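In what follows, structures are represented as structure tokens.
The two complexes that follow have subunit A in common; it is paired with subunit B in the first and with subunit C in the second.
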Partner chain A sequence: MNLFGMFQISGSALRAERERAELAASNLANAETTRTVEGGPYRRQDIVFASRPSLPSGFAITLASFTDLHAQGVQVAGVVQDNAPPARRFDPGHPDADATGYVDFPNINPVEESVNLMEAARSYQFNVSAVQATKAMIQSAIGIAQS
Partner chain B sequence: MSLIDTPELTLLSRFLDLATVRQSVLVGNIANVDTPGYRTQDLSNFGGQFEIALAQDSDLPVFPMVRPVSGLLSRPDGNNVSADREGLLLAELQLKYQAATQALKSEFALVQYAIKEGS
Partner chain C sequence: MGNTIQGLPNANLGLGASIQSTGAGDSSDFFETLRGAMSQVEQLHVDAQGKVAGMLNGTGDDVHSAMIAVEKADLAFEMMVQVRNKIVQAYQTVSQMQF
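On to the complex of A and B.
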């Protein structure tokens, strides 16, 4: 693992956290959406993270990756749909109301989504500081050659 | 052993090698701060690994042992990355790295001084 390879590890985390924030934002935006292409109300989406071993290069690193645990990036393993039943609200005037006058609304808790969004933002910042730390190390390594 | 290849230079370059590996481990921990089931990793026994790295041929790359850290509190999802621990170690390692590069620079400055016959 060289110094530049660390940008890829931090970068994978930045990408994953951003996708997580995007999903939280999309859940919040669609809190009242009753129509989707699949039919029915919008369903809450959640992200799944999985760690990913860094890509080995060269025989020595390949060998090391078999004998030792190594620095890992993170990847989005998938997006899962929350299959909780929709929240039914009585609104006979609504165009999507059923025969009894109830409408299926997405079961989205704004507090949960806000916390998720906040957490994603904090983790993103944490990874940005890791990038800055790596950058400072590379700069001081370059500084050896300049006297 | 020669003027350029001093024990101090070997020591410092070995330290920088190990610090690079450690940084990559810390960066990996930080990247996985939200990955369920991820366990914090670190170099086992940094001091001991440094001794080994110093003893071996200086042309060989260093491959320290990376092991899961014990004694950290796990969250319900099985992840035990502590943002405080990683942040502190990151700051500490950065300063140590800078100290080592500064020492390396002054070491080279001495060689330069000798080359220029003290002028």
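On to the complex of A and C.
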């Protein structure tokens, strides 16, 4: 792999972290949402990451298995729904209240989501540092030619 | 002594032949390589331009992928400039040779 491969790996991580932050933001934004397309309250979403070879095609992966290319990028394997039961709150005036006066609210803890968001932002920063380190490495390699 | 004098014209002949071959075939290996590298650098610039435009137009390109593409293009250009400097330096060294 050439040095630009490091850019690809860090880039995939940046993309993954952005999607993670998006989900955390979505969870925060919908902490009080009682109506969704599927019906019922909004359900908390979580992201699942999977590693993958930074070279995209099947042939390249096979080729990489014959050489010593072990570096892997990251990709979003999927988004899972948290099936925790909704938080029931007594609010008879709410339009979505049931016969007993209780409303189903999403079971979202804003503190937890904020921590997730902070984690995603920090990981993003780490990966940006990796990109900058790659850049510095390439620049110092180019500096070999300067006398 | 006699040997070295006899050896010199032979060496000279070989050098002349190799220069002739590069001069006659306009597409020598070195310049083909250089041209290929330059077009690759240009391709990286086109990529970077597309990514930045995509980001600004909001057609789904991420900020980081645009910045990485720009960095790639920048580094490739820097590399090309260094190679060019080396070539010019070599040319000047040869052209300033005193006979």
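Here is the rule we go by: the second predicted complex is superposed on the first by the 134 of 147 C-alpha atoms of A that agree within 3 Å, B and C clash if a C-alpha of one lies under 4 Å from a C-alpha of the other, contacts with A are read in each partner's own complex, and residues count from 1 in each chain.
The rule is simple: a residue touches a chain if its C-beta (ideal position, glycine included) is under 8 Å from a C-beta of that chain, and two chains touch if they have at least 3 such contacts.
Since the model is a prediction, treat every value here as computed from it, not as a measurement.
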{"item": "Clash or fit (per the criteria above) of subunit B with subunit C on subunit A", "value": "fit"}
{"item": "Which of subunit B and subunit C A:Phe49 touches, first, second, both or neither", "value": "first"}
{"item": "First (subunit B), second (subunit C), both or neither touched by A:Gly5", "value": "first"}
{"item": "After the two structures are overlaid on chain A, angle v-u-w for subunit B, subunit A, subunit C in degrees (C-alpha centres, nearest 10)", "value": "40"}
{"item": "First (subunit B), second (subunit C), both or neither touched by A:Arg15", "value": "second"}
{"item": "Touched partner set for A:Ser123, first subunit B, second subunit C, both or neither", "value": "first"}
{"item": "Partner chain(s) touched by A:Val74 [first = subunit B, second = subunit C, both, neither]", "value": "first"}
{"item": "Larger contact residue set on subunit A - subunit B or subunit C", "value": "B"}
{"item": "Touching partner for A:Lys135 - first (subunit B), second (subunit C), both, neither", "value": "second"}
{"item": "Shortest CA-CA distance between subunit B and subunit C [superposed frame, angstrom]", "value": "7"}
{"item": "Touching both subunit C and subunit B, counted on subunit A across the two superposed complexes", "value": "10"}
{"item": "Subunit A partner contacts - residues on subunit B that touch it in the complex", "value": "16, 19-21, 23-28, 30-36, 38, 41, 61, 63, 65-68, 83, 87, 90-91, 93-94, 97-98, 101-102, 104-105, 108-109, 112"}
{"item": "Contact footprint of subunit A on subunit C as seen in their complex", "value": "62, 64-65, 68, 71-72, 75, 78-79, 82-83, 85-86"}
{"item": "In the complex, subunit A residues that touch subunit B", "value": "1-3, 5-6, 9-10, 12-13, 16-17, 20, 48-51, 54, 60, 64, 68-74, 119-120, 123, 126-127, 129-130, 133-134, 136-137, 140-141, 143-144, 147"}
{"item": "Subunit A residues touching subunit C - in the complex, by the definition given at the top", "value": "4, 7, 10-11, 14-15, 18, 128, 131, 135, 138-139, 142, 145-146"}
